[in-house]
Each structure stands twice: as C-alpha cells, then as structure tokens.
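Listed after this line are the structures, all set down as structure tokens.
Same chain, two partners: chain A is paired with chain B first, then with chain C.
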Partner chain A sequence: MTMMRNLIGLAAGVALAGAMASGAEAQAPKKGGTLNFALSAETPHYDCHGSDTYATLHFASPFYSTLLQFDLPKYPAVKGDLAESWTIAPDQKSYTFKLHKNVTFHDGKPLTSADVKATYERLRNPAAGVVSTRKATFQDIDTIETPDPATIVFKMKAVNPAMMEHFASPWNCVYPGDKITADPQWPKTNILGSGPFKFQEHVKGSHVSGVRNDNYFRQGQPYLDGFKGTFFSQSAAMLNALQGGQVLAEFRTISSADRDRLVQAMGDKIRIEESSWTLNLLVVFNTKKKPFDDVRVRKALNMAIDRWGGSQGLARTSALRHVGGLVRPGSPYAIDPKELETFPGFQRDMAKARAEAKKLLAEAGVPNLTFVLHNRSIAQPYTPAGVFLVDQWRQIGVNVEHKQLETSPYLAGMSSGQFDVAIDFSNLFMDEPSLGLAKYVSTSKAPENRSFLESPEIDGLIAKQANMGDPKERIKVIRQAEKLILESSHQVPLLWWHRIVATNKSLMGWEMSPSHNLGQDLARVWINQ
Partner chain B sequence: MGQRPDMLSYLVNRLLLTIPTLLGVAVLIFFMLRVVPGDIVEVKLRGDGGNPTQEMVEAERKRLGLDRPMHRQFADWMIGLATFDLGKSMWTEQPATEEIALRLELSLQVALMATVIAILLSIPLGTLSALLQGTWIDYAIRIFTIAGLAMPSFWLGMLTIVSLLYFFNWLPPLTYVPIYQDPWTNMAQLFWPALAVGYRYSAVVARMMRSSIIEVLNEDYIRTARAKGVYERLVVMRHAMRNAMLPVITVIGLEFAFLIGGLVVTEQVFNLNGIGRLFVQAVSRSDFTLIQALVMLSALVFILSNLVVDMLYAVFDPRIRYR
Partner chain C sequence: MTAVAAPPLAKTAAPKRRHPILAFCISQPLGAAGAVSILVMAIAAVFAEYVAPYDPVAIDFGAMLAPPTLEHWFGTDAFGRDILTRVIYGARTALAIGFLSSLLGCTVGAILGVASAYFGGRIDMAIQRLVDILLSFPIIVLALVVVAMLGRNMLLGIDFNLILAIAVPTMPRVARVVRSAALSIRELPYIDAARVQGFSHARIIFRHMVPNVAAPYLIMFTAAIAQAILLEASLSFLGLGVTEPTPAWGLMLSGNASDFYREAPWMILFPGLAISVAVFAFNLFGDSLRDWLDPKFKT
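Up next is the complex of A and B:
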C-alpha cells in the first residue's frame, strides 16, 4: 500500500508540478466575495449516496462534510474532515475515529457519531427503495459502534487495503441521523449538512447558491461569503462566460481546443492546470443481444478501433488522450504499453487488425453488421468519441447509427439492457484497482457492468486481488484478470481522459487532482480581488 | 351599429370553441405519449447508475399512478384539466404549473420583445421596399431580409455574444431577474436574444409586407384614390398599408405563438432558462405530466394568438364583420 501511494504520489506530483509552480497559493487568503462558477450538468437529485455523477458532487459538496477527505497536494494521502484523529488496529480489522467537537448541522443541531453511523448504515445497507451506489464498497464492514458522541468504531469482516481511501470518498456525505431514519429518501430532495456553506437556493435549470456557514467547525473557513453555480447546457456559452469573467471556473474539464482559445483570448488572466484523469470511456457490448453474444463479433469490433492513432487526433479536440488498459496508465498497477499492444484492440498494425476483424465478422455470419451506438449527449468527450467509433467501424464495413441521449435516459437505457453497443464511462475518485475493476465483475453482482456478461473466473480474480497486501503479487493477479477481460472483449477501455481545468487567475486555493470528484467543498477557495 | 354586439358574440363563440379544440389536443397528447417508447420510472431509478429491484420499480410506478388502467389515468387527466390542475411533474414532483411558471415569464418576455423588434423593423422596411421597388434601396432591404431568413437565430445569437465579448468585454447577465425587480438587468439579459430572434422574425414579416403592399398598390381602389388626387402619403398609409396588413398580421401571430417554446437552441446559446429547454428536458425524461402540460400551454398560445389575429382583422379592415 505504501509503495502504491508513493508511486501514485509521484505520478500525480509530476502532473501537478506545473500548476503548483505558480506559487500563487502561498499568499494569505482574503475573506469575502461570491464565487461564480459553471456547472456543465444539473444533478437529478441531491443524494450523494445514490449518485454516480459529478453533477451531484459539484452541486452538493459545499454543503456537506465527510469523515475523511483526500489531501490533494499529497494525493492519494488522506486527512481528517469530521475526524480529528484516528487509530487503525494492527490487524486492520478495526478503525476508530475521534470526531471534531462542536460540529453542528446547518440547522444548529450538533453532529455526533450517531449521525456518522446512520450515514454509513445507509451507505452499506440502504433501506428499501433507497439507491446506494457504494453499497458493495462497504460490504467489508461488520459492525459500526458509537461508544460516545465523539467516537465511532468500524469493525471489519475482512481486511480492505483501501479502506481509509474509501472513508475519504466524497460521495459519503454525512446526513443528520434523525432525518434519514425518519425518511430514508429525505436526502434526495433536501439539503442539510455541516459543510462550509449553507444551502440558499436551487432554481431548477438556472443555478444553485450557498452562503457561508459562520458556524463551520474549521476556524476562519470558508473564506468566501458564498457561491453561485450556474448551469450551462452548451459548452460554448460556458466558455464565453469564463472568458468574460462572469464565472471564474468550471471544475470538470475543457478540451485542448477550448484551452488554447482561452489562453489566446485571456493571456495571463487565465490559469490552466492539467493532469491525467482517473476516468475512462469504455465500449460496452450487450452480450444479451445477438450478435454481440458472439465473442468473434465483439473482438472484431474491438480490433477495428485504432486507439493509438485516434488518441492523437482526439487529444486535439477532446478530453480523451491516453491509451491504457483496465488501470489508469501511469499509475502503479497499470499494464506496460508493450504488453498492452499484444491484446485485441491495442495493436499498432491497423491494416492487419482490420483484415482480421473483417474475417471474424464473416465467420460469425454478420459481414454487413448494422447496429445503434448508444451514447451520452454531453459534448465532451462523448460526441467526438462516438463520431470516432462510427468512423472506425465504417472502415470494416459496419454501419452504425449514433444515438446520443441525455444523462438519465442514457444511463437508464444501459442499465435496463436497451442498447446494442454503448459508450460507457468509468468514473473513479482515486487510483485503487478494486474500484476500477468492480466494473468488470459479473453484472449479477455488479450492476455497473452493463455488458451483462457472467464470468466466475473473472470475478474470482478480481476478488482475489482486492485483499492482497503484497503489491507485486497483486499486480500479477490484476494482469491475469486484465488478459481475460480484454480477450473476451465484452467491455473494453476506449481511451483514458486528460483533465484540463481553466480557472480565472483571481480564483485561489482550489486544488487540482486526477479526479474531478475531489476537492469540491470550496472551504479553502478564495478570491484575490 | 351592431358591430360591437356582433364582435362580442363572435369572441364568446371563439372562446367556447377553444374548449373542444383543447380537449382534442388533450386526448391526442395523452394517448400519443402512452404509445411512444420511454418510461419515467426506468429513467428515474436507473438514470443515475442505480440498479433497482423489480419491487422498487413497481412501487414507484404505483406511487406515480402509472400502474392503474389507462382509462383511469385518462379520467384523472380530464378531471384535472376541468379543475385547472395539470398535475405534478413526475421528475421533480413539483406542480407542472410551477415548473412552467418559473420559465414562462422569461419565454413570454423574449417572444414579446422579439415581436416588437420585428414589427418596428419589418413594417417600415417592407413598405419602403415595395414603394421603391427596383431601386437600390429595395435591393438593400431585400438583401437584409434574405440574410435574416438564411441566418439561423442561434447563429446570430452566437455572433452577438462573441462580438459583445470581443469589442466590449461584456456579456449579458447569466441569471434571469424579472423586469419588475430589476428592469436594467432584465433588459440587459433579454434584449440580445430578442434581437437575434427578432431579426429573423422581421425578415419573414418584411418580405410578406413587401409583396402584400405591391399587390395592393395594383388594386383598382388605389388607382381610383390616386385619380381623385389623394395625397400619395394618404394613399399608402390609409388605403394600401391597412389592406396589406391582413396577411402580415397572420404571420406575426403564428411566429409569436411559435416563439413560446420554440427557441430551444437560442435559449442554449444565451443560457436562458426558458420553456424550450424545459420541453426538451421533459421529453428526454419521459415526464408525461410535464409534456402534457407544456403541449396544452402551446396549444392555448396558438389558439389565443389566432383569436387576437382574427380580432385585428376587423380593426384593419372595416369591411370584415363577425357574426
């Protein structure tokens, strides 16, 4: 684990070096001002526990606290949020957290260990009708004890090497225990946290705003008087607002072309920070549907994709950049590029690969295959990725209709199996292989695997690596799983993303990371007016 | 004599006729929505990556009343309409009227402002173009109007925004503020989309005005008026323009009705929280109640604008009598 952290820290440090070089953050924070920023999507509801989209976090994080949080300049190190201190049992079977005293919810009620317990009970064992997308993450927890209002103890069923990182997950918003006990659905439509900002208003389709929580438990924070996040449905409008100074940031990403435009227009008034990203796009084949139940068809379609060539072109117009396997390229458990080239879909000789792909389609009896590519209607990077895939498959004589849908129907279509082939996404908040590999566990156990493939062999390898303490041994098992998954081609990585965040130079204290889900509580953000 | 009572009874008759028209629309939209694919429950529960059990799906369907027989749902819809209750949005669970009211004010204002801009531009330009037919002024106006027809409003909107940013380093405000709260901010935000939409609108109307005036100027009564020595200005203003206005008013009415809910892309360009965007969201989420409410609103706007157009016919042409 230590080795992994060091390596990841090094990789992240290199990526962020440019950003930190400015030294701007060394200035003493100034108080006051309202931060206007852009949100490129609007959350369908307010419940962090049941959400899988950054739209919820960028909206809700300023209102909530979590037990721990990532220490972004030292990523992937963690630090306390509600937890003031903690101890981990030598056998890693027990975690004891001491909470900050005098923490209150925005309605003035004190936050105690009972609230944290209720929150984690909801996460790991949600009541009927409640969706907890992180239910599987906390299955290693056996019991949660609250010996006193400021102490909480998690007793584990099994050792989980990434448990501290899971406690730092930004999705684990701590809710008032009495509210979620009385109505488990309460957080979907209500906001009441203990975070740096109090909820002010959400005008649907327009904006969300918050005001400073004067009783925030961290003395002196937040620095801002408030914030206002404006929803943009078109990236051009968002860029104009950024260029015109109407918003000071959009914290997810912009494309390389947009970055160049902003730099050219704004010169030294814009700050650009870049990092590789814990996010990738996947091509998913619906194995419940013919002819995608045939491995030859899936393999052929996978082999027709020129990832190496495509990454160069797509990097100029989209957030897609890095060719990689199942684990983020450059991170400690990533596959060596040379080894990757031996798998279908990652070969460099495209003429040969496409000839082989055509042969496989003919053998499968579908030489003139036609299908619909199910995609999301967010421009970056889904649209260029979809256009790219349609073109790649056209080159082996496959006719594809590109269908883009808004986030909710897009995800609903995939989860319910109403698609042929889809562009899916893997949205991780940190570089823990188990998180990324969870998407490849059989659909009956992991609904986020939308290929509907059932493979006890793959499941076994993924489960095995999760509890292995020795990184070298763990890498070997991960490679075995990766080989099986890429050969089966039921769900394959397309390209990994590259994160580019543009912020106005007057915005200070915000910290870049390889995940757009982290560091959005805005507690340490200030405006240099 | 007799015109006012006739007009009043005509107005009452037309208003009564809106009832079966709206009823027809209500029936059509209800059944059409149930035929097209899409399920709000699937979208809601699976939409954010969740994997609900069948029991959860059934429970949600029951909660939203979607498990009941079609005729019961239809009866509820009809009873709701009769009591002016358009139901709750199945997505936000807020009353559909609230969701619409939040955006209608903005859309209505943009439509009204665009109409004013269009009228102010098109009537004088169309008339001038007709009167100076074949001159360079006519050609210049025709180029101006053809450009308006050829250029989509959203593209002109994008040009407007980029120009404001480039030349003045200024952009319209992002958040809508009602005109009665802050007239300056309100106008600063909505003038530009109204201008972008109004230009295309004015091009349509100006071309109609030009052809209509040219046609009227060839009528016998114009020749008679001129032969009687009536001043040319009076010939144009009193005889030609009044008669030429009838088809122009029709076009203005139709365009106005379209603008409520039809400005999807322009709203995106200016980041406006209007009815057009709400319509697209409702459709993509299969939010039946909200779609039904929006279609009813759209139908009502078309019916009322047609009624106003018919009323204006009588104002511009005294020969028209309503009975």
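Up next is the complex of A and C:
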C-alpha cells in the first residue's frame, strides 16, 4: 500500500510537472523531426463524416482542416481553423464565415467556400449509400450560401445555441468539392485534405505516415517534418514502445496501473496528464422484450448498482471513474451530485436500495430473474463493467450470463434488438448537452438509442432545451428530461470514464482535453530534441 | 487286484492376484501420483461449493490485489475476488470442458478410425484425406477457426461450441491412431468369421472391433484431456474461451492479470500452477496407463 501511495504521489507530481511543462511550452518551438506515436486501433475507413471512432480521427486529423476548432487551453471555447473570422446574426439564425484566402488542398488546388459547402451538404444531406453520423446534428441548417470564394453563410431553420461547437466538430473534415460531387464515397478510400500534413502511406496492420505540408496556410506550421502512427493491438507492446522511446505518445488513454508502471520506469522522462472524459458507459434495457418492458424491473436493476462504491474500486483497475448523470460530471450543465443521489441507481444507502429493488422484482413477478448481459469484447473498460454488473445484480438474486462479442456482432445485436440488457457507450467530442441527450431520443428518431423506448415527452424536452438560449432556463429543462429518463430507467449511465495520457517529455505543443477526439491535427506539436 | 486309492490331489494355492488398482499403483507410481492429482481436482470441482472458502464471482473492492494471507491463501485479484476460490472453481471449468471435448473428439475419432480401417478402399481414402487436411492445421489455429466460425452457444453455463472447437483438433489424431490399431484387428480370423456369418457392418464394427481398440482409445483420451485443458486455457487467454466472470484458469491469466502481474504476481502464479499441475497429472496418468495396458509400448 505504501508503494502504491508513493506511486500515486509520484504520478500526481509528474502530472503537475506535466502541467508546468505545458506552461513552459511557450518557449520557441523547434522545427524538424518525425513524431512516432502509437494508435491503439486502426480506422475501418478514411471517411471522417461516416465514422464515430477516435481511430479515424487520430489517423486522419493531421491531413484535414475544419471550419472551426476547439481552443483546448480554453476548452470549450472555439477558434477559427479555415475560418479567419465570423459573424453571428443577432437572432442567431445566420452564421457568416470568412475563410483564409491562401488555403490549398494537398494537390495544389485552392480551397474555397464551394468546398466547404459541398462538405456540409454531404454531412447534413448525404447521398444514397453515404453514411453521415452527423446528419441529425446539422438538421437545423436551412440553406448554405457562398456569395464569394472566401465567404460561406449558413442560414438556420431554428436557433441552435450549440451551433458554433458543432462547426468545430473534428469530424467535419473539409473535402474537395469536385471529388465528393463526382463520387460521394470517395473519402472512404482516399485522403486529400488541406491539413498540416500530406498523406504519405497507410500500411494496413502496421502504420500510417504523413509528411509536412509546406503550403499549409498557417505560416511556420507544422513544426514536424512528418509523423508515423504505429498500430498496437496489445497495450503491453505499446507501453514497452513508449517506455523504450520508440513512440513518444498514445493520445487516447492508458490505465492507472500502466500510468504507475511508466512513472516508476521512466521517472521525469514521462509526462502524465489526466482529465475526466466525455465518454461514458450505459446500461440499456431492451424495452421490446419482457420483462424489461416493465419499468419496475428496469428500475430494480438500476437501483441494485452501487455506482459510488463501484467508482472507487473500478477507478484503480479501469478507465471507469466518475459518477454522473446524463451530462458529464464537472461540465457546465452537469447535475449536482446531491440532487443526483435522489434518483434511482444513485442512492448511497445500498442496503435500502437493494431491499427496494427486490421488492420491485417481486411485485413485477420476476423475483428470480435470469437474463443475458450483452457486452463488447474489449477488455477496457467493458469487461470490468460487465463483471461489476453481474456481481451487483447477483446481490438482489438475479442470475446473469455475461456474453461478450466482437464489435461488429455486438453492434449488430444491439441495433436489431437481439439482446436483453446491454452495455452501450456514449462517445462525445464536447460537453454540449444536445449531443449527449441525442442518445435518449426515441429510437424511431435516434437509432443510437438501443432501448427501443418511444417517449414523446422525453423527445419534447430534449428538443426544447436544444433551442434555448438562456443557460439557466435550459438547465431546468435538462433536469426535467434527466429526471424522466432516470425514473424510466430504460437507458441509464453506468460510470463516466477518466482519461490518462502519457507522453514523452520531449513531445511539446500537444494539448490535453476531456475528449480524445480533439486536438489531433498535430499542427503545433514539436519535438524538443 | 488290490484297489489302490488314488492319492488325494494336492491342493495348490491359486496365485494371489493383486487388485488392479493396487497393481497399477505399484507398477506405475508416477501414474498413480497423476491419478491422485486428477482425483483431488475432480473432487474439488464437483464439491467446489463446499470446498471453496468464498464466492468465486463476488467482488470485494476492499480486498483488491491483496497478497496471500491466512484470510486469502492465494491472494485476491483486481476485483478483490479470492484466487484460491477461483482456482478451485476453475477446476470445474477445466475438467468439464476437458472431459466433454475429449470424449466427443476421441469417440468420433475412434469411430472414424475403425470405419476407415474396416471398410478400406475409397472410404478409407476419403476419411484419411480428411484427417490429413485437419492434421495439417496447428491445433490452436484449427480451434480458433472453429470458435470464430461458430461463436458462442451457452447451455447450462458451458459453451458447447468451445467444446466442439477443442474436439475437432482432437478427432483426426485419435482417428489416425485407432485406425492403425484397427487395421491389424480387421485381418484376424474372427472378423472374417463374423463376415461369413453375414453380420452387419455396424455389428462387426461396434461388437467386434471397437472393444478391441479400447486400450489406445483410453490412452488417447487421457492425453486429449490434458491437451484440451491447455487448449481451453489458451483460448480463454486469447479471449475466445469462457468469459468473465466465469472462473477459468486461462482467463485468470489474461485481462487484468496482464496489467497487474508485476504488483500482484499471485494473480498469474496460482492459475498458471493449476494448469501445469493438471496437464502434468493427465500426461503422467496417460503415459502410465499406456505402459500398463499395452506392454508393447514399454520403453
């Protein structure tokens, strides 16, 4: 235990030192060098618009520009990327962006407002066969106008207070308009952007590499000559590479045990940065199946989960850590923990909660309930979450078979309703409540809600808050929606994740954030050799 | 004539025959040691509820990664679960999957081997080429292919597709060995006599040939159990066998164990030891059984 405390103390010290080092990064960046970093997953394709995995962003972000970006040191503030300046109409129904004039794609063609328009048309209204996972996000856009090659105007159907954040989404890679007009599927298998790095090669199962874009529109950037992202399917191999200096970073996360190991082995050569994370795991009940159509059963199973106790134990061995409601704990719209404790599944007195859960199951006529828990066969943090839930439900006499499946059958099973209870995930790139709440909209409108519950009341509240400009009033509506959802217990947050990123101290200019989807274009990253 | 009484027949004492089990223990002490180890494992597996000190899946975050103590003889894992308890329950998983998959693989293999030898000709050719194809795959690769193709099929807490995945690589090896034993039996006069009497093929195979390949079958069976335990542990280690929180030795070596084995080496030490002891015990017993049943194999 003493050793563990020392390690944690050392890790905290290193994290602090890391923060100080970040502050010291005001020193003049040095040019040159190739960044070798680790990628813990390989992208299934190259199309940012149709992906919702970080594997695509960590692979493709260095090759692309977006209209806006998140300003990570001031998160969640946004700043311009392709947009040099912008104006928002007082009624928030029109956004006008002026683009940088000297932007070219890697093939030398100039990037104009027509390319941005084609990109956003593809995002909000994809051609048949094209998948845009941001389609719903941009439904408030009415028309897109391009009065000149350097100006683009978005006219809105409705006010959307989160529109600027949506424009800064890292998934909105700007593609060449002529290419996606000729072949809407072109970005799935081709890479041609205007980002700080030009695509060099992708060797499947091995690596992706890029070289500096000498014509990048931001003078002096990027600082690196190039980068090479190597795929590591085994975390042990990745850690060894990080420890040995073969790679300088893995930008998603490592476990707390791995953090301690690296700190112990590398001392002041490693920088540890930690943050709460815009990711959480959910417990989803299939309301089309009996007995999960009965709110008493769902509520009982939800109430049996000791989230407060579990968060302390699981935090030591997994990425799961924070107890929260539907919005990330610690973010501006998050629920107060004291208020959260009044909802089913978040109470502190577990003996009382479990007694009530047993009573509810008996009332529902299923005191000896048996079911299959549908889970993803990824060790962290899905397996610990599954083991934890099985144990929690056994304590109210419920017998659970834990079934872990590869990603493809896991997702297919959930989408087709072939499950009893499942562990689902919510992967957000920012704290905008509309993004997170979209998962709780009725399944007929939001297929990512795998509970199959239809609730016009919940839909109405989620839609209402999305278009509210006054944050205080908006919070009230969000709380109402949260209350309805947690009481209904058809889909409930389990625990929110905690992000730990380890980077070699020689790596400079990379910025930590609560989302692993942000800040991966590597434009400002440099190596202090 | 004088009648001469025949002298009473001297009563010769029949040679004392040792009990077969005692005879096995005396002639094969290592095999006996293996048998005792198997027996201990089997008892632990069957009576796990009474033998194990804790619930194998109960989480106790207050006891996470505890080293071996009087309270937890083998320490605890990353969920605070008692490792001794999980090793005992793991014997149930290992033996159930090992026994059932070996039984299936060896029985199907033996039937194929005997049929191949009995019929000969094209049937023999077809069966043996199939066996050649299956033998050309490394055992673990073949098992991985079967698991990947079939997925999981849980019944009574046992994955029957996993049993099939382990049985398939066992089958061709048994078929080849049993065929060679059956080939010599096929040429014996009593098989010809049975044919002449018009017995059906099935009757000749099952009544006259199969009982005579019981020795190689039993030997292959014990060896197959050892291999099946190892294979189940390998598949579980690779994430394709049983799933958490089921206690299984291979599974105990993977997952969190790979993250914490430096600070909690007992997490991998005891399940690893359990696998080694089980495989060693079955191999010792199988080898001794071979020597005991068939003196021709003696080295």
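Operating definition for what follows: the second predicted complex is superposed on the first by the 507 of 529 C-alpha atoms of A that agree within 3 Å, B and C clash if a C-alpha of one lies under 4 Å from a C-alpha of the other, contacts with A are read in each partner's own complex, and residues count from 1 in each chain.
Assume a contact is a pair of C-beta atoms (placed from the backbone, for glycine too) under 8 Å apart; a residue touches a chain by one contact, two chains touch by 3 or more.
Values in this document were obtained by computation on a predicted structure and should not be read as measured data.
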Which of chain B and chain C A:204 touches, first, second, both or neither: first
Partner chain in contact with A:316 - chain B first, chain C second, else both or neither: second
First, second, both or neither for A:236, with chain B first and chain C second: both
Which superposed partner A:409 touches (first chain B, second chain C, both, neither): both
Partner chain(s) touched by A:401 [first = chain B, second = chain C, both, neither]: second
Touched partner set for A:473, first chain B, second chain C, both or neither: neither
Chain B versus chain C, judged by how many residues of chain A each one touches: B
First (chain B), second (chain C), both or neither touched by A:448: first
First, second, both or neither for A:390, with chain B first and chain C second: second
Shared chain A contacts, counted only where both chain B and chain C touch the same residue: 236, 405, 409
Chain C to chain A touching residues, read off their complex: 57-59, 61, 64, 78-80, 151-152, 154, 157, 239, 243-246, 255-256, 258-260, 262-263
Of chain A, residues touching chain B in the complex: 36, 44-45, 50-53, 56, 128-129, 131, 133, 189, 203-207, 228, 230, 232-234, 236-238, 240-241, 243-244, 246-247, 405-409, 411-412, 415-416, 447-448
Touch list for chain A against partner chain C, complex: 3-4, 235-236, 255, 257-258, 261, 309-310, 312-314, 316-317, 377, 379, 383-384, 386-388, 390-391, 394, 401-405, 409
Footprint of chain A on chain B - complex, ascending: 38, 42-52, 55-56, 59, 91-93, 99, 102-103, 158, 161-162, 165, 169-171, 173-176, 268-271, 273, 277-278, 281, 284-286
